[in-house]
Amino acid sequence: MNPYAPKAGDFTPVARQPGLITNPRPSQSYWQDAWLRLKQNKRALLSLYLIVALVLMTLVGPWLWQQDPAYQDLDLISQPPAYGETALVVADPGIWAGVSVDPPTLITVDSNATSSLAATAQIQTVGSASTQYVRLRWEPVAGAGFYLVYRNDHAPESSEDLGLPLGQTLTAAEVSFEDRLQLRAQDYWYTVLASNGLQEAPGFTTVRIPVQRSITESQAQDRKLHANAGDTVTLRSHPFGTDSLGRDLLARIIEGSQVSLFIGIVAPFLWVLLGTVYGGISGYFGGTIDAAMMRVTDFLIALPFLLFMILFRIGFGIGPGESGIVPMLLALVLLRWEDTARLVRGQVLQIREEAFVQAARLLGAQPLYLIFRHMIPNTIGPLLVNLTFSIPMAIFTEAFLSFIGMGVAPPTPSWGSMSNEGLKSMLSSPHELLFPAIFISLTVLTFNLLGDGLRDALDSRMRSRE
Amino acid sequence: MLNYILKRLGMGVLTVWFIATATFAAMHLVPGNPLANEKATNAVIRANLERQYGLDQPVLTQYVIYMGNMLKGDFGIAFSEENRSVNDIIRETFPVSATLGLLSLLFATAGGVMWGALTAIYRNRWPDYLIMFLVILGISVPSFVFAGLSQFAILHLNKWTGVSLLPVAGWGSFRAMLVPALVLGLSTMAYLTRLMRSTMLDVANTDYIRTAHAKGLSTTRIFLHHQLRNAILPVITVLGPSIAIITTGGFVVESVFAIPGLGRYFVQSVAQLDYTVIMGTTVFFGAFLVLMVIAVDILYGFIDPRIRVEASR
Amino acid sequence: MSSEIILEVTNLAVEFATYGGSVQAVRDVSFNLHKGTTLAIVGESGCGKSVTVQTLLGLIPMPPGRITAGSARLRGAELLGLSADRLNHYRGKRIGMIFQDAMSAMNPTMTIGDQIAETLIVHMGMSAAAARQEVITLLTQVQIPEPERRLRQYPFEFSGGMLQRAMIALSIACQPEVLIADEPTTALDVTIQAQILQLLESLQQSRGLSIILITHDLGVVARMAHEVAVMYAGQIVEQGSVDDIFYRSAHPYTVGLKAAMPGRSAHKSVLQEIPGSPPDLFAPPAGCGFNARCPHVMQLCTSQAPPLFGTSHQARCWLQHAAAPAQALYQQLIASVRS
């Protein structure tokens, strides 16, 4: 290393600069630092936005989506999600006389008949095929005693694969059939088989019929759509589909969110409040009072919580099938506060022994000053985390109880009771379970992620390692 | 150690007494005493009830009778069925629930420890992200949704393969137990995975792991002999609460999968307002859970030397 | 003093990436450890002394830690940058390490005997039974009474002093050449401290151990060290024999440290402190790291970082520059005499 060649003035003594002695970085308050950390946690921030959106949906949703959640559209039962669908207005079907032919010459039914029946030919629709009805007619088959009609949602591969047996004609003279059985706007494959009572025609022909979505004139009137047969109207949209009673699922989810989020947010607030007061008293006084008060929480923790939620309801005289939102709230608060109480007690006991509190006490601080200046600010972080994690627990409890029919009962929807109803028809229309389930999961997920973020941001001791 | 066990058991007995009393109070002290009203239509049942519970006596006497029965291990008689005691019901249905619960607890702990350890090893790399994503899903999605979805999946799997690989519902064979047990254990597994991951990372940052590195032990050895062992201990402490969660979760899973266990029977009793079955089952479940928590505590005492040695002094 | 160099560290630099930026925890640190001697590294908390020695054994988590420059050779063999596998041939076997808080440095769920035997089994290929015998010998050597009973006990059943003895037994189990003791007596009370130091001294004599002793206690340095390196803000600011450091202190920081040392005599009832706190290592100030706290700060100190002056006794201070005014040196001399 080359020795340094000093310049003039290099070795002039300078006064020590006190300003340099202190830490040059600006110090941040606890909350500033916490907010900074939370903002860096993308997942927590996104969750926070989603929670705000969910709460907004609950509050202003009914104004934005003005469908009556209780309106039952029995023509649109368990419809999958659809938006802006149009339908053809058709005349009210009335009673269709069908098509008959002169009775064919009766062929003696021969049990050893070797001659087999021919396949039914020329199956065609009468009028337009719509979701209101599909009317079929076909050419008579010699030797037929009656006809069987099948419907399938794909082209049959064999005579074993004809699909749903819709029915049969009474006589061979009837060569028509009207299908009004839960038709959807899609393509159907119809098969008509002639039968002589002993055997069915071995061969078959299938006709593919595209079915158009339609409503009848009188249904259009019911919905206050002024339209005549032949018009095309835009149907009410069901972005989440409809349930098994033809009610709009989105409207019900919005209404259900009022129950689910009400219980999910209000109950934890109340129990955290109760637990804070209880735990604060217990921790502040300590000693025998503390020991006795904590024994109570020991017992409460040992209670089988969900069973007692049910017991509470029964105790209140609310049977299954009856709604009990307030009792559920009350029971939740009474059975769930002990966790918070323990947290606050531990925190208070710990802070009480901290040097800064001892110092404040020595300097003559009053109890109230100690509580408000030292205890509460040092407890509020963990409490906020505790509250955030309590909310998913309350939402789950509501969902669980409603699911087993011990929570919110029809007609009031909650996400839990809607899931319960959806589960029954899950195999045919999964969306009825899926949408309420997604909302429960999303809410629980966001609160959990926010809780994680808050814990990381607020409490260095509880900080999880990510 | 014996002292420790006795102390825990003593507390347990006290807790069970509290549960029984709280149950009794819930049924008697709130307005509309359900036992006193005339919902039991059948005269035979009515007579049985009066004899069993002393319904014509004052509340305090009823309490004494009730506690006396409980002490004898008699959980009462059914409200809606003739000549059927709660003990019979428990004897018939509880083994089913216990088998299901045990299997799912096994799934949950084995899975939780394994996945948790894996995430810790692959910390901040894609296996960690993937598993933690699934964990978040497992914690956030209610079990009845998983139950419904898995039935849907089984149905389509069977349809697709053309063989009945797994039954959609029911009970009896091991194959029938598999999916319900998995569904039941899923949320606990997710929770344990999370716990295991965080304790693994906590342990990895301890001084004694640094010492182990300074001793020149291989990473594998440190992982197996030092890290895993210390990280599993906190997981064992939450097994008690996990059993409680799995037990109540069983109500839903048994109902959805039509498994003839105590949980499903309980849900049915609730629907039929079979008060005495509800009471009896609640106390039984409560006692069972208290016992399980104590069992886990004692197990923990044997495993953690800090408690074992202290307790034996 | 033997002149054979066991461990040679040159120009070591370590930084940590944190969420507030990167911290230069160790900057341009060089020292030599001679056979059979003790090198004490002294400095206040956070000066980088622990990081320096832990880096040698690869005990710094990476990331966030990163070695940006330097080398460390044990008898000529490079240690830095080795894979964990290769490093394991040195760790515990040729370089033993003792940590400050033995209670947290020992695995709480494993018996003391098993923890010591583990290194013997791994490094020396001993059988479990042979390792057990060796553990008993080792525990006897570190003067733990009833070793047969003690080896079956867990760390929480040991007192702090006993545990530190067990820790020493663990670190010397495989007959290492170098022993790194990271504040071995800080957590102990004074009488136990003295016993542990005595034990280390006798082990050094009987086994020819070379010891790196990390401490902030100059009393321990005076008792144990042959050579001393004073660290401040990630750098060695003064280095030399123990006499150089104590009697011919060349850096104002060393002078300050000595002044802050509690004396035995009663007349010094108020401890002298060095005003201020160490600089922020996120953004080390221009010039000398000590300039803000230095009583002799000069114009040059605020703009130009001083190099190490001197050969066997080195100091990183502009006062040592040939052109520095004698007046400043005189002041410093006065200061050191006063202390």
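The letters A, B and C name the chains in turn, as written, and every chain counts its residues from 1.
In this section, a contact is a pair of C-beta atoms (placed from the backbone, for glycine too) under 8 Å apart; a residue touches a chain by one contact, two chains touch by 3 or more.
Remember, predicted model here, so these are calculated numbers, not experimental data.
Visitor: Can the chain contact pattern be summarised as a line, a ring, a star, a complete graph, or none of these (other)?
Guide: Drawn as a graph, the chains make a fully connected set, so complete.
Visitor: Looking only at C-beta pairs in contact, point me to the busier pair out of A-C and B-C.
Guide: B-C
Visitor: Would you mind checking which chain's mean C-alpha position lies nearest the centre of all protein C-alpha atoms?
Guide: B
Visitor: Let me check something: if the centre of a chain is the mean of its CA atoms, which chain is farthest from subunit C?
Guide: A
Visitor: List the centre-to-centre spacing of subunit A and subunit B in whole Å, with centres computed as mean CA coordinates.
Guide: 26
Visitor: For subunit A and subunit C, let me know how many angstrom lie between their CA-based centres, rounded off.
Guide: Once rounded, the distance between the two centres reads 61 Å.
Visitor: Using mean CA coordinates as chain centres, what's the subunit B-subunit C distance in Å?
Guide: About 53 Å separates the centre of subunit B from that of subunit C.
Visitor: Please output the residues of subunit B touching subunit C within their complex, sorted ascending.
Guide: 206-208, 210-219, 221, 225-226, 229-230, 233, 304-306, 309
Visitor: Inside the complex, what are the residues of subunit C that reach subunit A?
Guide: Its residues touching subunit A are 19-20, 275-277, 280, 282-283, 285, 291-302, 304, 307, 318, 321-325, 328.
Visitor: Residues of subunit A touching subunit C in their complex?
Guide: 1, 3-4, 6, 9-14, 16-17, 20-25, 40
Visitor: Which part of subunit C faces subunit B closely enough to touch in the complex?
Guide: Residues in contact with subunit B: 54, 57-59, 84-85, 87-93, 96-97, 99, 101, 104-111, 118-119, 122-123, 154, 156-157, 170-171.
Visitor: Which part of subunit A faces subunit B closely enough to touch in the complex?
Guide: On the subunit A side, the touching residues are 298-299, 302-308, 310-312, 314-317, 319-320, 392, 396, 399-400, 403-406, 416, 419-420, 422-423, 426-427, 430, 433, 437, 440-442, 444-445, 448-449, 464-466.
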